[in-house]
Structures are given as structure tokens and as C-alpha cells.
């Protein structure tokens, strides 16, 4: 049983959330969850609770996920070797069925189930459903064939809107569709394009790094806030994993998304603290 | 700046609220605020914040208020003496204009203003507006004339519904209308009748006592939970101030209101703690 | 029992109203009722009937009222002296609570009750409700402090629209709100600003003068119709009481209000005759 | 220009209409107009004005018309002889095309045009449109063939509701449809069946008689009010023209129509006086 | 009973219709049916079936009809001689009542009945209903009086939209209204103006010619497709019957109608084949 | 290019479909597609076209699919042996991830893609999404543990209704959810339960047999129509694969589904012919 002092502390925390709830109510927030964040079940369950609370106070949430580590494991089991060119996974036709099986057949329903347990009305989707993610096959940096890898041509946001209006939380696996084949698309790129298409107020990347470093080797150089044009200048010096996030963030910011956050998903309730308290976490990028 | 440990505490409190938000979202809660609770501005502002948070997470709130102490002051200033019969204030015609001036012209707009500052879209009403509180003149326990004092005949809930559906929070002063004259009605009675008419899930009395005592003289006999039929039996032994609350609570519970709470409004954030945490405060009456 | 000849007369009058009803159906009309018009109960009841008829044939009505004479009486009773600068009542903080008590706590519910008796679904409001009348403290002509007197910054018409759409008639007391304090605002100014914000077809001032005189001293110089620019030129020569009406009328006409009428509220059914018959009364100002 | 005294008279008449408008607003009234009433253009134009006023104050009106005299003229011109059996016109197949040409091709559009001039949004219909009047061929009193004469099987009220909801006034010619052929149906019968199907508050027969007489030969025996069961008893003694009205009125009253009026359409504005004043005209039948 | 091979053929035809249905679903198509096409009952019934199928797959259909041949017969019977000036029928006042009787009282309800048998919810209208076809009296080529003949001033499409939204198919007779009199209007002109007013995707003329000929005398010169400007140039050389179609088609194409078709209504199911198969019939005019 | 004779044939087929379209428009049809039907791409594409046509003419379609053969292959590849008890696949926990990978990650998106190519707005779902298929773990006929195999407790049809109302076609993989784990459910059972929950007019099983045989060994004993109670009696004698279909069909028919069809999916366009022509195929079961 709570003591009187603890009770007052609780009340204070709830009241502190008041202005944030007022600000974000009815707004749309796109959250990109990296595959790493979903590997630890306890961790994933905390993220699910955070998202459920956001949804219950009236925030419209769209979740985008990839599944890099899990795909690598599955491909290794099937005898494929993980090969990357310019941050893009080379995806032979046979490999694509493994990629899709993992993203659409495993990670997506697992995440939907977890969100349901936290009380969200989650609906799993891939870019193939209602052709949400219209994509085209892309090539490697030197123009080489890299298999069924795609880049987004356009996002068809109607189904997302129908679901959000109905009180559902869409959970989108980063698989695109070129009208004939499924294509493997970088989930960071998907998140940015989706955020732009649903007029999101915020785009949040839940990562497994602390945020953006001015100097990648120096942990003390964490940037807590920067402008889009600064990020643009930093682009060449960013780590390979951070580059698609940064590029996608810039796309989103240029098309009206209000803010992009790169949060350390390893901090428990990072999402909640970022949205509902004055606790600054990770890096935020302003237009 | 919050430390990591504090941040985790904050997150824990917010997550603890999750199941309560889920339960009450879209439900209607009627809150009766006693005049005493509104005399201390700091206190009133805490109550306003609690109500705003409840509203922002999707609870439909109707506020009912009286203004006993303030009316007594104003009547004294105007040379009237406060006289009560059976808990009812004797209200001569000239006194009624003071009563209404205080309730409708002072307390109501003050409360509306305070709620606005906390972010609610509050709309002040009296029972005269759209004839919400249809009432008839009543008499004292011995049938004696007690002036413009009324009892509720019926509650016309349409305007309340229109406002709730539009996202507004109605704030209702306990003044009724008999088609010709305004009538002074006990605010506790109004709260119960309104709760019944809007199908409230909860009716909360914010009072200046700890709750209901089994033995009125013994502070240790506070009852934390009881059933309607038990309350019915206790009725004769209750204090004069508690009697209209109890009678009105029984009316509400018999017509489908889910629960009635008698909270100690002097505890900061009593409302919030009752609604969003496992902290039991005051007395709750079940059907 | 009506004779055949009388019956035909009745029918003729009803039919004469046909084109006017056709014109105004679904249109919004703002009616400003001066405090004087409300002092005589019989008179007030005629006005209420006129407004009820207008509402029943489908006109959307917003009523704005002040209460000059009544405020003066109440302030005198409380020992304050009525002092005016440039047509604005000097309102010390303590006086403001009297002003509000009279406007919001007495005149407004009295008018609402009267309109209810005539069959309108009237809802009393002040500018504090949902912050309808956002205002700022103003100063006297020489920059001197004149107390809690305000001027309108903006009108938040959402609540008015919600009520009109729901079939209600809002009755607005001329009290503004600066986010912290109630402010005394000239009711003529409120009427003009509200008419502009609700896209009114007509703004009607029910006054206790015959209309506008070309030469203030000469009763024979009553102007029955003039243009906004003519009114603008006449402004300096107008009586002190007419000046805020004229200024506010110009604001309304410049922001799209179709016509402004200055009617002699002492003529029984002036409103009805103006709206539903070919009888020209008072002064009308065209854009 | 109206004098002051006349103006006050006008206002009084308008105000007298207030309670009637309040009562009938949003209610549905079916008005059956006999062919005779439409022969005199001036008269027809008065009826149109009455209906327009009723519509403008929010009454939902459905008009049903026949056209006996006009049909007789047209048939005579075409060399047919008007023959009746039990009040039903014998209608040979070739005659039916004349009947329909007159009702649907002449009287209906003429009436629609007249109502438009009075400001109604009138829409002409026959029972063939959307198969509103599903009918079957009937026979004479002795079972003899009487041609394309029908009786109503059911009224399909959907199209009427769509039009009323859209603000239109349906004007229905008394032609039914058996799925293959148009059928000539007594317009009084149509009016009663339609009133029942649209849940009309009132069914009004605009006739060219004063009302119902207790003793058909005695002009002094006009009945101003009677009950359905009294009418039932009087049925055999009624004139042949009155019988279908009476039978149809009984059907309507038994299925929930509130009142049936038999008005003397030759009195100018009979409709208006009946609906908006205390002037009792003709005969009213209560359930 | 169908054989397996026939079954496959059937399936193939249905599947062939798929892309056409996809294209036209929810689109509005105006079909003008000439009087000739309605003379043969069997033929008319095929047209009705075609229209019913179009409606059932979600096409919004407006039908416009004239009735030249039938009017000529009726006028001859009544002793009038059919006289034309510049393609316009000279219509003396007395003749107008015959014209209207035939179009509104005979052809229109006959067509409505036939469409009902095919399952459409057809509603007969003339331009008088809700003043759909506002028209003015026109004169002959030499300025001579040609009687009650009109040209369209504007089309009031609200009633058409209400009916289409309600799932009904309006069937419009080519009679206009100048606020006082019905006017005889060329049905081809009506079709073009209506198509423009309802933003039709297609305007189809069901005629009794094969289409447009380059050289009117040479059957081999049928044009299967041409552009609006080509049609414009051909205008002087067209037959008298084709001229109003062509002029009206140009009006429609200039105001946004997508395509105009001139089909040979004598080919069974010409409408269906044009809309749902790759079979090109008659002439199509592109903007 | 089509000849005239072919054109007429085409038109005839389209018109033949008219009464069927009229009947099924706006109705809901559940189609269960067996895994076998999806193995042949050409075949699957014909089924997709049939479904697209049904959807375009206004039928609301819900698709349910299993994937028996594909699951068997995948399990064999992963070293599992396909074992069945009483028609239920024994599904060890590790096997369940293969089952789900195949159904949700491969067959479902492949089918969605194919339906998109045919013009449907298809949305892939599993019973985990919004907890559509609430299920519990079941046991074998002897009460033995058979792993993650479930039976349906209830169908949550809200998401299906939201999608159907929005014009989408839900495609549901037969995976249930017990609040913690995904469960393998017989797709035939899912189809019946879903049909009952969405008030389907028809439930169609697309199978790879001709229909129901009276005598399983005798191809000549195909039953073309039978009643639910006859099916009930035949139940014990049915093949193991037909038993769940039959049991599920009975559940559906008892809860209001209008008809159940067992069609031979190997016949091209079996679905289309059944729905839009008089061609009887396979077996139909009536309530």
C-alpha cells in the first residue's frame, strides 16, 4: 500500500505529464523499432506498455519495424551468408522468402501479440497490404544487382488512416511491393516515408545507441539537439547504421514532420520519458 | 534535471496508471465539489489540474458545485442570517438573488476560469439553462415554508450530452428552475440526480471530511468500502452534512451509477490518486 | 372566436411574412439587448416572444446583453460611485465582482428563464466559458488606469457554433477573460465582434432611442438608412452612448456582416416587425 | 406603409402563431388537394402560399392530388363518357392513358410549378416512381370489370423520406402501379395510405364542401369535431364523395395518424388558419 | 443447363468486364434516349436491362429523354401540324400542353415503369421539378416567334445529386421552366447541360443512326473517334438532327465531361457493349 | 475485334448476371481457399479475378485460407514429420513458428499480392491482429497433448467490419491467439466461425474435390443439394478432410448463414459461375 508521501509523488508525476498529453493528443507519432529492441522479451514488453499509454491518452501511433538481427540468424540457419553493400542487405530471390518469413511471419505477429497484451488494438501489416509501400528494385552503390532490395516510390496512407480513425494501431513490417514481387526495404527509410505520408508530429527511432555523436569515436560528444541543416552537413561522417536514419529523418523533416528523435531504446521507458516528462534523452532533430 | 533513477520512478507511475486509464476512457464521471474545496485558491487549482488530466485521457466529466460557505458570507454581508432546517437553507425571495449571484455569478465563473487555466474547455451552467434542473418548491420537515428551496423533479440531460460530445466539460451550479423562479437546491442532491441522468460510471463527492465513519465520534471507525444496503441502514446515524450525500448516493446507485466515492478533498490530488492509482482514499459505496 | 374577416386578416399577415422567413431561414442573427430593455418585465417578455418566433422559423440567434442600469444600481447599493471615462465604466477590482455578479448571476439567468418560457432552448454564457471572449485590459483615453475594463482580442466561436448546431440559443453576458481575470467589456463592442465571428447576416441593436439622428438635437433628423462610410463620417458627432454601437457596427460590416439595425426596443415587437414585415423601423446601416 | 396600430396587429398575429409552430415543427402533414381546388388559378396560388409557409416553419409536407373534374373534361374531349361505379371511375385501357396524361402530365407539373413560385422545392411524383404505390387491379361492387382501376397494396415510403429529409416537398399524383400497368386510384385512398406510411401527425383533406354534416341535407348540421368510432357509425349515411375520404381517414387514424381534417378549401387560407390560429374550420376527426 | 465449355465462355465475358467496371464505378454517366428508341417495347426493355446492370455495378446514371415521334403523333391526332424551324419544333401555347402531356405524362412514366421492371429505382422528373431546368423562351433563326420553346439558362443539379446519393436513377423529361411556363427544350441540349452540371464522366446519345459520318451521304465514312475541335469544324456539314447533339456534346466536353458517345441504339445492348467490352460502336468524341 | 454475333453473346452473359448481382449486392460472402488451390499460380490468379469481380459489383468478401500442403513441405525441410490426430496437425512449439512463418509470412502476403493485381484492396490478417480469433489450446481425441493446436472461442469481428466498410477485402490466415501464444487452427473451422460472426449470406469452400459424395467411393454419388439435417446425419461417413468442413458448415448454418457451398476449385472460375450464372457446381447446403 502506498504511503501518503509516495501518493503525493505519484500525483506529481501524473500532473507533470499534463502539458505533454495536451500537446500530443490527437497528433500522430511514428515509432520505428529496431530489431535489436525486440530481441529481449522483457524489454519489448516495456516498449509495448509505453506505446499503449501513448495510445490511451489519444496519440495516434504508427509502428514501423525491421528485423536485421533476426533475419541474419534465419539466413545463417538456411545456409545464406549475410552480405551488405552500402548498408543494404543483398537479398537473392530465395533469401527474400526468408526475409519476409521472418519480418511478416514472425517479428510482426510477435510484436502485435505483445502490444495486444498491453491493451493496444494492434493490426499487423506489410507494405504489400493495400500496396501501402509502392517500391521499385534498387541497385548497389556501383550499380550492381543486389537482389530483391527496394526503395520506396510512394506511401499509400489510406489504410493507415482508416485504421487510426478506427482506433487501431498499425504495425508495419518493412517489406515493399513493386506490383509483382515483395522487396526488402530499409526500415529506417520506411519510417521516414510513412511519417511524411501521415503528417506525423514526431518520428521516433528507438535504437540501441545513445543518440548521435559529433565525433563517432567520442562518447562524450553526444548531441542532444540539432537542426536539419546541421544533420545534413554531418551526414558523411555518420556511422553506416546511422546514415539511413539520418537521411530518412531529413526527408521527413522536409515534408512537414515536426521533430525527429533518436532515442536509446535500451533505457527503460525511454519513449515514455521522452514524450511525457521534461527528461531529455538521446538526440532530437528540428526542422 | 531528472536523474536516471527518478526518471524510472516517473515512468513506473505513468505505467501504473495504464489499466485505470483503459478502464475509465470514454466513461462519464460526475464530480461534486463542495464550496469549502473552492475557497483555497491553491487547493482549487490542484483539483482543476486533476480534472484536466482526467479529461485529457478521455474521461467525460460533469462538475456539480454548491457554495455553502460563500453564500453564508454574502448573506451575512447583506444582513441576512443563515438559517437551516433539516440541512436545507431557508431562502427568502430576496435571499435567493444573493444565493444565485454567488453560485452563478461568482463561484461558477471562477471555477470555469480555473479549469480553463488547466486546459479544460469548461462551460458554466446553472439548472436554468435549457431547464436542465426541473425542480419544484419544497417545504421544511414540518411542512413549514422555507422559501425558494427546491427539490429536483427531473434532469434534462440533452445539453450536457451535447457539450460532452463536443469535448466540453459542463460545470453546473446547483440552482434549479420551476418554470418561473430559480430555486436553491442542495448540490449533493443535484450531483446524484445528474449522475443518474448521464449514466455515470462514478460519482465522486469531494468533501472536507475523511470519509464515512461507522461511529461519527470515532475517527478510527472510517469505512473504506460498503454496500448500498449497508449505507441505507446507516442513514439515520449519519451527520447532518453527510445525509444528503448518502441519500443522493443511494438514488444514483439504484439507477445504475457504478460506484460512489466520498473523498477527502483536503488531501492534495485526492481525485487523481483515487482514479489513477491503487491508493484507496476515503469511502467507496458499491451498488 | 375570430370572425371570417379577422381570419382573413390574420392569414394575410402570416403570408406577408413568407418572403422574409424564406430569406432569413438558416441565417444567423446577433441581437444585442441593452440593459434598459430588460428592466420592464412585460417588455422583456415581448422581446422573448419575438426571439422565439425568429428561432422557430429557423433563424440561428445569438443574444448579447449588457446591463448598465442594473450594474449602476448594484454598485450604488454597495457604496461604489458610477464613474465613466470615454463611455467606459471605471471598474476597480472589487467593483468587478459586483459587475459580474449582476451580469452573469442576475441578468443572464433572468433572460435565459424568460426565453425558456417563450419556448427557446436558451443557454446562458459569459465570455469566460470556453474563453469565448479573449480580452486584454484596456486603459482610459489619457492612458489612465480604469480598472478591470477590457477590449476584445478575439472571439472563439466554436462553442457558439456547437450550441447553434444543436438547436440552442446562446445568451452571452459581456464579460471577457484575459486568461487570469474577468474583464468588463462594452456589450455593444461584444455584439459587433461576435457578429463578425459567427458570420451573421444581421446585427440588431435593441436600444432605447428611436435610431440614429443626423442632428442629435433634432428628433426630425432620424436617418432610416445609411452606408457604412456615411456612418464613419458621422462618428465624431454621435452621442456618447451611440459611439460604441457605431464603431462596433463598422467592425461588423467590414468583416462581412450583411446589415446592422439600430431599433427602438421600446416599440412593442420592434424586432418582429423589422424582420418579418415591410415596416421600416429605426436605422439600418448597409456595408 | 403600415401604421403603428397596424404594425402591432401584425405582430400580434405572428405571435399568436408561435405555439402552433412549436407544435408542428418537424412533424409531417399530408395534404390532399382535390381537383376542384386546383381549377381556379388564384385559389390554387393561395393554397400554394399556405403550404410554403407551413414548409418554411419546418413542417414536412406531402401533397397528394387527384384531378376528377379535369379528367372528366379530357375524357369527354376524347369522346369517352365519364362512368362511375361505387365512386370508382370506370377506366378502359385507352382511357387510362388519358387519366395518366392529365394527372401526371398536366395537373402535377402545374401544381409543382405553382408551389415553386411560392418558394417550395416541390418534386412531382406518381405512384410509379420507385413503385411508391404498389397496387392491384380492383373490381366493381358487383365484381364487374371496371378497367384499370386499382387499390393500394402497400406504400413504399423510402423515396418520400429521402425527399423530405433533403428539404423537398413531394407532390404525388394518385396513379398506382401493379408491376406492369399504371392504375387509377382514388386520391382520397392514396392520401390516407400515404399518411399512415409516413407517420403523419395530421392528414388534411382540402375539399369543396364545408365539412361533414350529421344530416347531409341540413347545412346547419355541420360537425366540427368527432371521434373515429362516431365516423365509423356515420359511414353508411355519408355522401358518395365523402365516403372514400371517411374510409381512408379511418385507416389513417387506426395506424397512428394523429388527426384528420376535412376543410373547406374554398375559404381563402383555410389551411393556414387551421394550422396557425385558433380559428376552427370544417370538421376534425380524432382517433 | 450450361455445358462446361459454355460456362467457361461465360466466365471469360464476365472477367473481361472487370477493368471496365473498375473504371466506371462511382462515376456518373448521362444517357440520352431518343424517342425512337422507346417506341419498340422489346428494344426499350433491352436498354432498361443495360442501364440496370450499369447501375448495379455502381455507375451513377442520369437518363434524359425526349419524345419527338410520339409528340408528332399526338399533335397530329389533336389537329396540329408538326412544323420545325432550325431543328426546333414550333410550339403554340395549346400545343405545349400536348407536348408536356406526352413527355411528362406518357413517355416518362412508361420509361420509369420499364426501368423498375429491370430492377432500377427510377424516379421520373421534368425540368419543372425543383426548377431543375431553368430556361428562357427562345426565338427562331430569323427572330420569329416559335412559341413555348426554350433554351437552358442553368441546371440546378441538387435534386439529381440527392437522388443519385440515395441510390435512385433520375429520369428527366426535356421540359424546362421559365418561372411561369413550361418550355419545350431540345432533349439533346438538355443532356449536354445536365452532363456538365453533374460532372459526368461520359455522355451517351442513344440514337437511331450508326454514328457520325464524315460525308453524310456516304455510309462508309463513319467516324469512330474524333476530337472536339474536329467536331467543331464538321458542325456546319452535319445533318439537322445531328447538329443539336454535336453542339451539346461540345458544351459538355468544354465543361469537363470526359467523353461523348453517339451510339446506334438499334444494335441490341449497344450501351452494354460500349461500356463493358472492347467492342467499339458508333462514334466517340474526346475533349 | 469482336464480331457482331460475339458481341451479342457477350451482352447476353452480362445480362444473365443481372439478377445475381441484384441479389448479392451489399451481402457478405466468406470464401475459404484451401492451400492446394493456391499452389498453382495460374489457378490462383483466376480465383483472384473472380473475387475481384465479386467485390466490384458490391459484394463484401472475407477470405480465409489455410496452407496444409505448404506447411507440410516447410516442416519436412526443417526436419519435422507431418503427424495428424483426428484431422489435427500435431504442432510442437518449434513447429508452430514454421506453421506461422508459412501461413502468415508466405501464403498470406502472396495471396494479398495476387488479389491486388486483380484490383482488390486486400489486407492480410491473422487471428492475432486485434485478437480476431480468440482461441484455446485443444487436445487430441484421446485427450493427448497435440501441441499448439487451438479451437476458436470467439471471433472479434470489429476489425473485419471496419475494413469491409472502408472498401477493403480482409484475407485471414488461420492462426488463432490465446492471449499468449499463436495457435494452429483448422482453416475450415475458422471459415465457419467467421461467416457466423459477420452474418454472411454465403460461405463458400473452394476445395480440390468435386463436392460431397453420398458414397465416398462412388464418384457418381455427388450430392448437388442437401439440407443441414441431412448433412448432420452424413457426418460420420464423410472423409477425414471433409469432416471439419461439414462441422463448420453446420455451425454457420445454425447461426444464420444463408447457404454453404462446397465447390471444386479446380474448375476455372468455379466461384464466378456459382455466383453469377445458373450453372450449379459442387454441393450446396441449405439451413
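By letter and in written order, the chains are A, B, C, D, E and F; residue numbering begins at 1 in each of them.
Just so we're on the same page, a residue touches a chain if its C-beta (ideal position, glycine included) is under 8 Å from a C-beta of that chain, and two chains touch if they have at least 3 such contacts.
This one's a predicted model, so the numbers in the text were calculated from it and none came from an experiment.
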Query raised in the report: For subunit E, which other chain has the most distant CA centre?
Result: B
Requested in this report: List the centre-to-centre spacing of subunit A and subunit E in whole Å, with centres computed as mean CA coordinates.
Outcome: 56
Query raised in the report: Between subunit B and subunit E, what is the gap in Å from one C-alpha centre to the other?
Result: 68
Report summary line: Rounded to the nearest Å, the gap separating the Cα centres of subunit D and subunit E is 35
Report task. Mark out which residues of subunit A touch at least two other chains, giving numbers and ranges. Result -> none
Query raised in the report: Taking chains as nodes and touches as edges, what kind of graph is this: line, ring, star, complete or other?
Result: ring
Report summary line: Ring membership in sequence, subunit A leading and subunit B after it, reads A, B, C, D, E, F
Requested in this report: Enumerate the contact residues on subunit F facing subunit E in the complex.
Outcome: 1-2, 4, 7-19, 21-22, 25, 49-50, 52-53, 56-58, 118-119, 267-269, 272-273, 276-280
**Report entry** Residue ranges of subunit A in contact with subunit F within the complex
**Finding:** 97, 100-106, 108-109, 112-113, 116-117, 121-126, 128-131, 159, 162-163, 166, 168, 175, 177, 179-180, 182
